[in-house]
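You will see two complexes here that share chain A, one where it goes with chain B and one where it goes with chain C.
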Partner chain A sequence: MIKLINYEMKKHFYKRSLIIALLIFSIINVMKISSIYQNNSLISNSDSSKWCDVYWQLYDEYKGQITHEKIQKLLSVYRPIEKQTADLTASRRMDNPDTYTGNVYSDYYLLTWYYIQPMEYAYMYQSTADDIVKRALENMIFFRDLGNKYKLNQNKIIAKLFSDRSITDFSYTEMYQNYLKYDFSSLLVLLICMYGLVSVFVVEKESDMDMLLLTTEAGGKKTIVAKLSASTLFISFICLWFWLLDFIAFGLVFHSFEAASSPIYALKSFENASVSLTLGQYSFLSALIKTAGTLVIGLTFLLISLKSKNALIPFIWNIILISILVILKETLSGSEHILLKVINPFILVENNELFSKVEFINFFGIPILSYLAASGFAALSGAILTLIIHKAAKKNVIAGRR
Partner chain B sequence: MQTLLYEVKKMYIFQKGLIFIVLFIVMHFFILVEVDKPVNSNVEDNITQYSFYLDKVRGHLSSQTEQFLQEESHKINEAKVEIDKLYDSYYNGDITESTFIHERSKLEEVIKNQEGFDAIFEQYIYVREKPDERYFLYTNGWNALLGTENLDYFAVILILLLVSPIFCQEYENSMDSLTLTMKKGGRSQAVCKILLVFTSIIILCIISFAFTYLFYDLKYGLQNGSYPLQSLPFFSTSTKTLTLLNTYLYLCLFKLFGYISFSVLIMFLSVCMKKYALTLFTSVALIFLPFIGLDNSAIKYVCTGPLGFMLATGFFRGDQYRTDVFTDEIKMTFQEISVKCLMISFFILLFFVIFMIYLVIKLRSNQWQRLKRKNMPEKLILSSVLFLITIGITGCTHQSHYDTYNYSSHMSFQNDQYQFYVNESDSDNTQLVYKDLETGEIHDLVKTPMQSSLKMERTLYGNGRYIYYIKYHINKSELKDYVDRVSIIEIDTKNFNEKVIFERNTDLEKKLLMGTIRLNNKDAVLQNTGSFFLDNNNIYFISSDVRQVNRVTGKTKTLDIPTNANIAYNGKRIYYIGDRYQLSYYDTEDGTKGIVPEIITTKFFLDDTKVLFLNRLDHKKLYILNLQNNTVKKVLDKAVLDFRSEGDFIYYHDINDQQEYKIKMSDS
Partner chain C sequence: MNIKFHNVSKKYKSKQALDNITISLNNGIYGLLGANGAGKTTLINIFVGILKSDQGDITVNGTNVKDMGLNFLTHIGYLPQYPRFYKDFKVYDFLLYISALKEIPKEDAVKRSKNLIDIVNLGDVAYQKIGALSGGMRQRVGIAQAMLNNPDILILDEPTAGLDPQERIRFRNLITKFSENRIVLLATHIVSDVEFIANQVILLKEGHLIKQDSPEALMNEIDGKVWLVSTTDKIIREDNTHMKISNMYRENGNVQMRVIDDHKPDSSAMRVSPNLEDVFLYYNAEE
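== the complex of A and B ==
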C-alpha cells in the first residue's frame, strides 16, 4: 500500500510545474508579508520618522513584567507630553531636541499607541476578566433559579475559561497581531491545492488508463485509497510549508519572535479568547485548524473532479466554490448566526473568529464552543466526503467478483 | 472559410460556448439588478426635489448660480422659522384660517424642495473648489458607470471557459499531431482559431459594455456626458482633460484590450503547457494573485499585464492622499498614472500580445472535438447544497396581542413580571436593567459576561414576554476600536434565552472576496438609531424618518412620516403628528395613510383603547380620545407643558408653575 501511495504521490505531485509554482508563491508570500509590515506597522523602518529606533530604545526599558515602577516611570514621561499637546498649541517643529522623535505630537502618538494603551490594557485585563467571571457566576445562580440549564452550563464554561486570567508582561505583540489575521497565504495554498488535486482523478482518464487500471489487482479501490492518502499528504505538506513560511517570515520581517509565551488575550482583538493558550501554542493550534479546513476543501475539490473527463470544468467549479465559501464567510463574519458560520469549512482556514470570541452552538441542549463545533463539522464533512469519493469511484470489477 | 465555420460550431455548440455566454449574460444582469445601489442614496430618495434645483444650476458654476444658491439657502432657513411662528399664531387664534392657509402655502412652496437643495448645496461645496473643471450634474449614473474598481469575475471565468479549450482540447485527445498532417490543419487553422477568439471577445465586450451603459442610463440616466471627468468626486484630482463620455469610451477600449490580451495569454499558455490544469492554474494565478495581493495602488495597473487594462478605471484617477489617524501625517494612497506611463505599459503589453500570437501560430496545431460526457447531476447537487446553506434565516412569529409602542416610553417597558428600563446613572456606560416586580430586585438585562466589546443603544422595545434591544459590536482588531456590526436581540423573559432577529454590517463599504469587491453599503445608515419597534414582518427604525426593514429579506423602505419624537404603533397603525398638527396614521398592512378627525395636538400617547393628547385647539389642555366609541373628553382643565402615562397614572407638567403633578386615570 505504501508503495502505491508513493506511486500516486510521484505521479500527481512530483511535478516540475508544482515545484516552480510553490517557489514562486513562496516568494510572493514573503513579499506580501513584507508589504504588510510596511503598511500596517507604524514603526516599520521604512518610514522617514524615527519611530522604529525610539520604540526599540524605549522597549528595553519597559519590556518584561509590568511593575508599579515602570508604570510610574512611563507616566512621568507621558503626562507632560500629553499636557503639551492637549490644546494643540505646542510647536510643530520637527527637530525639537527635547523630544524622542523630534516632534512633540509624534512623541505623543508613539507613546499613546505603542506604550500607554497596550500597557493600560494589559494592566486592566485582570479586572476585566474578573468582571466576566463575576457576571458569569451571578448568571449561574440566576439561570439555576430560572431552570434554564443550557444557559447555566454556558456560564459555567465562561466562568471556568476566564478565571485566573491576567497579563503580567508587556511585550511587542504587533507581529502576532498581523500574523494571526494574515490570510493571503491561505489563498495561495488553496490555489496550489486546486491545481495539484484537479488532475488526481482526471489524469488517467485523459490518457484512457482508467479502464486498464481496473484490471490490475492494485487498481480500483486500492488505488482510490492510495489517491486519497497521497492527496492528504500533499495538502498537509503544502499547508505545513506555507504556515511555517508565514511564521518565520513574519518573525523576520517584524524583527521579533517575542511574546510567544504571552497569553493569547494579550492581543486586544483576542480579549475574549475562547482558549487560554500562549501565543506560541495558539499559533500552532491555529495552523493545525487551518490545515484541517484546507483538507476538507481539498476533498471537495477531489469530489468535484471525480467524474470529469478533463480539468476545465472542475477547475472552474473549484474557483466558484472557493468564491462562494469566502463570500459566505465574509458576509457572516461577526454574525451571531453561529451555526451558519461554523458549517462553512473556510472558517477553519481563516479561523480568527472561532477563537477571538466565546460563542456557543446549542447541541441538543449542550453548549459547545464554536471552535469545537466547527472542528466537529469539518471532521464529519471530511468523513462523508471520503466515503462518497470511495463509493462513487469506479470499482475494481475483478476484485468485486472474487 | 469552411474551417472557420467548423471552429465556430466547435466553440459554441460542442464546447457549450453558447450556454456559457447565456449564463454569463443572465448572471451579469442579475448582479447589476440585485447588487447595484446608488452611490448617493440621499439624492435618489429625493429625486424630484433634487431635479428641481439641478435644472437651475446644471453645468458650469457661474456667479449667477452662486448667488442663486446663497439666496435660496437664506430663503429656506427663513421660511422654516416663519412656518413655526405661523402655526403658533394660527392655533392661538391670532390669524384667521384663510390667512393661515394662504401664508402657509406660500412658505411651503419655498421649503418644498429642501432635501433636494441640501444635496445640491453639498455638491456646490465640491464644485466651488475648482469651478473650471467641476460642473453641476446628476452624478449617480456616471458614478455607477465609471467610479467602481471591481474586476468582472464572471467575465474572467467566461473567457477561461471559452478560450482554454481552443487548443487544450486537442492536446488532451492527442489530435494535435494528427491535424498537422492534414491540408487544412496547421498554420491556417491556428490563425482561424485566433481570429475566432478575437471576434468573439470583441462582440461579447461590445454587448456587455453597451448593456451596462443602457442599464445605468435607464436606471439613473446618463445625461451631460460632455462635462469634465473631474465633476465626479472619484476623479477629483485627475489631471487628464476628458469628458465623461470620452472616459467611458476609453475605459471600454482599455478593457477590451485587457480581455483580448488575457485571451491571448490563455492561448499562449495552453500551447506551451498542453494541459488544462496547468493552463488554467497559471492564468488564474496571473490575474487573481496581483489583484488580491496588491493594495489599491497604481502598481496594480502598471505592472500587471492584462489585469491593469481589465480594471482600467485607475488610469483616469488622480493623486489621492489620506491622513493617517495614528500619526497625523498625510500619506499618499494612489499616484496618478501619467499618459506617458500609460502608453509605455500599453505598448509593452501590446508587444507581448503580438509576440505570444506569433508563438502560438508557430507552435500551430489542430484539434478534433467530441462531445464531452455530461456530469451535471453531481455538480448540481454539490452547488445546490452550498446555496441551501444560505437560506433560512427568518424570525419566528409569536404573538397575537400587540403591546402598544410609544416613542415617549422608548426607554422603558413593563410586562406582568418585570419592569425594564435604561439606567443612565453612569453616562459612559449605559445599562439596560430590569426590576422584578415581585421581589423588587434589579438585574442587568444583558446577561453576556463579555461586555467590554459591546455597546447597547439607549432604547428598549417590548411586547408581551419578549423584550428587544439594539446591540453594537465593537471591533478591536485595529489600533482604534470601531463598531462593525449592529444587531437586534430578542430576549424571551421566560427563560432569558437570547435570539438574534436582525443584524447588519455597519462598515460604510462592504468588502468581499478578501477586499477585492467593494459594494456600497447603504445599510450603514441604520447606525445611531434613536429607537425602534417591530412586528412579525418588519422592523421600524426611528431617526428623523421611519425606516421599515423587512425581517426576512432585509429590504429597506423609508416611510414618509415625520417623527418629531412622538410616534406610536399598535401593531397595525403607526400614529404620528402630521400636517397641521393633525393626529395621523399610516396603516402598515395596506400602506395607506389617514387622519384621526378633529384632533389637533402637539403631543399624544397611545394605548390599547385610548389616546391621551394635548389639545392644540384648547390651549394645550389634556384630552382623552376613546378609540372604541370615538368620543373625546377633557381630562384636565389646565394648560399642560408635557405629560407621560405610567400604568394608571398620568404625570404632567403645569405650564404655569412648571411643577410635576400626578393624577389617576380613573379619577379623571
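== the complex of A and C ==
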C-alpha cells in the first residue's frame, strides 16, 4: 500500500507546476504577513516614531508576572503623563527630552495602549471570569427549579469553563493577536489543494489509464484507498507548510514568539474563549482544526472530480464551492444560526469564531460547544465523503465481487 | 488454457452491442475482427471485467470468472484501446508502477521490466518520459506492461491503430513472440493485422458472431466468389454500384476491380484467390 501511495503522490503531487505555485504562494503569504505588521502594529520598526525602541525598553521592566510593585511603578510613570495631557495644554514639541518618545502625548498613547490597558485587562480578568461563573451558578439554580435540563447543563459547562481563569503574566501578545485572526493563508491552501486534487481521478481518464487500472489486482479498491491516502497526505503537508510558515513568519516579522505560555483569554478578542488553553496550545489546536476543515473540503473537491472527464469542469465547480462556503460563512458570522454555521466546513478553516466565544448546539437535549459540534460534523462529513468516493469509483465487475 | 463465452449479451439502451456470443478459445492468436461498432471492445471489456454483461457466462478452464474474483486478474494482460499512459512517467518507472499494481514482488518486477524493455526494444528510451515517445514506442510500452505478470491470456484492443507500417509489422512480430503457450485475443478492424499471425479469426458484425475459424478456412469458404473484372469508368458509374468491391486500380486505360460476388459478375470476369480482406468485406459489406 505504501508503494501505491508513493506512486499516487508521484502521479499527482510531485509536479513542477505545483511546486512553483507553492513557492509563489509562500512568498505572497510572507509579504502579506509583513504588510500586516507594517500596517497594524504601532510599534513596528519601520515606524518613524520611537515607539518600537521605547516599548521594548519598558517591556523588560514590566514583562512576566504582574505584581503590585510593577503596577505601582507603571502608574507612577503613567499618572503624571495622564495629568499633563488631560487638558490638552501640554507642549506638543517632538523633541522633549523629558519624555520617552520625544512627545508627551505620544508617551501617553504608547503607555495607554500597550501597557495600561493590557495590564488592566489582565489584572481584572479574574474578577470578570468569576462574575461569569457566579452568574452561571445562579442560572443553574434558576433552571434547575424550572426543570430546564438543557439550560442547566449549558450553565454547568460555562461555570466549569470560566472557573479558575486568571491572567497572571504580562506579555507581548500583538503577534498572537494578528496571527490568530490571520486567514489569508487558508485561502491559498484551498487554492493549492484544489489545483492538486482536481487531477487525482481526472488524470486516469485523460491518460486512458482508468480501464487498465481496473484490470490489475491493486488497480481497483486499493488504488482508491491509495488515492485517498495520498490526497490526505498532500492536504496535510500543504496545511502544515502554511501553518508553520504563518507561525514562523509572524514570529520573525513581529520579532517575538513570546506569550506562547499565556492563556488564550490573555487576548481581548478571546476574552470569552470556549477553550482554556495557552496561546501555544491553541495555535496547535487551531492548525489541527484548520487542517481538518481543509481535508473535508479537499474530499469534496475529489468527489466533484470523480466523474469528470477533464479538469476544467471540476475546477469551475470547486471555485463555485469555495465561493459558496466563504459567502455562507461570512453571512452567518455573528448570527444565532449556530447549526448552519457549524455544518459549513469552512468555519473550521477560519475558526476564530468557534473559539472566541461560547456557543452551543442543542444535540438531542445535550448542549455541545460549537467547536466540538463543528469538529464532529466535519469528521462525519469526511467519513461519508470517503465512503461515497470509495463506493462511486469504478471497480472491476469480476474482481469487485470478492 | 481455455476460455469459453456462453451466450454473452450486452445492450446499451436500444442498441444491442452483443447478442448471444458463444465462442471458445484455446492457446493461440485470435483475431477479433469487425467494423467499428461491431462489439469487439464491448466483448473485451466484459471479459476483463470493465463492463458487466446483461446475460451469459465466461469460463476459464471450466471455472466461471465470477467465481475467480481477484485471482482472475492474475491470468490476464491487457492493452486498452488508444492508451496514452502517464506522460510524466519514465518508461522503466511506469513498468515498475504497473508491476506494483499487479502485485509483483519488487525483485521480480525489476527483472521482468528490464527484460521486457529489451524484448520490445525500448532500451534507448527506458529513462525517457512516456510523453516524449512516438505512438509506436508507446504501444510497445503498452504490450510490455501487459506482459509483466506473464499472463495466460493477453488481450490487445486495437493495438496497431495509428501506427506506421514499419511499427505495425514490428508490433505484429512482438505479438507472435508473446503468443507462445497463451491465448492472445487481438481486436482490430485492420485485416492485415491478423491475416498473417492469427490462428483463428472471430468475425463480429453489429454485435453478432458471424464466423469463427482459421483464416485459411474462412478464405476457402468464399473461394470462387472473388473476381477480377476489367471495366471502364462509365460502366462503374452506371451498373456496378451494387457490387462488393474490395479493390480497384487502373491499368492500360481500364479499371481493374476486385469484386466479391456469389455469381460471376461479368462474362469477362476472372476468378481469383480470396484473401482475408475479401472475407471481411464479404461478411461486412452493407446489405
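Worth pointing out:
The definition used in the following text is that the second predicted complex is superposed on the first by the 399 of 402 C-alpha atoms of A that agree within 3 Å, B and C clash if a C-alpha of one lies under 4 Å from a C-alpha of the other, contacts with A are read in each partner's own complex, and residues count from 1 in each chain.
Please note the rule applied: a residue touches a chain if its C-beta (ideal position, glycine included) is under 8 Å from a C-beta of that chain, and two chains touch if they have at least 3 such contacts.
A quick note: this is a predicted structure, and the numbers were derived from the prediction, not measured.
Look at A:311: by the touch rule set out above, it reaches chain B but stays clear of chain C.
In the superposition on chain A, A:127 makes contact with neither chain B nor chain C.
Looking at the shared chain after the overlay, A:215 reaches chain C, while chain B stays out of its contact range. In the superposition on chain A, A:91 contacts neither chain B nor chain C. Looking at the shared chain after the overlay, A:158 reaches chain B, while chain C stays out of its contact range.
Applying the stated contact rule after C-alpha superposition, one finds that A:11 touches chain C and leaves chain B untouched. For chain A, the partner that touches more of its residues is B, with chain B and chain C as the two candidates. Across the two superposed structures, the residue set of chain A contacted by chain B and also by chain C is 206. In the complex of the two chains, the chain A residues touching chain C come out as 3-4, 7, 10-11, 15, 203, 206-209, 211-219, 223, 396-402.
Contact residues of chain B toward chain A in the complex are 153, 157, 160-161, 164-165, 168-169, 172, 273, 275-278, 280-281, 284-285, 288-289, 292-293, 295, 326-329, 372-373, 375, 378-379, 382-383, 386, 389-390, 393, 443-444, 447, 449-453, 473, 475-477, 479, 484-485, 487, 495-497, 500, 503, 505, 511-514.
Put simply, chain A touches chain B in their complex at residues 17, 21, 25, 28, 32, 35, 39, 42, 49, 51, 105-106, 109, 113, 117, 128, 131-133, 135-136, 139, 142-143, 146-148, 150-151, 155, 158-159, 162, 177, 181, 183-184, 187-188, 191, 194-195, 198-199, 202, 206, 268-269, 271-272, 300, 303-304, 306-313, 315-317, 319-321, 323-328, 330-331, 334-337, 340, 343-344, 352, 357-358, 392. Listed in rising order, the residues of chain C touching chain A in the complex are 45, 48-52, 65-66, 68-70, 72-74, 76, 78-89, 97-98, 100-103, 145.
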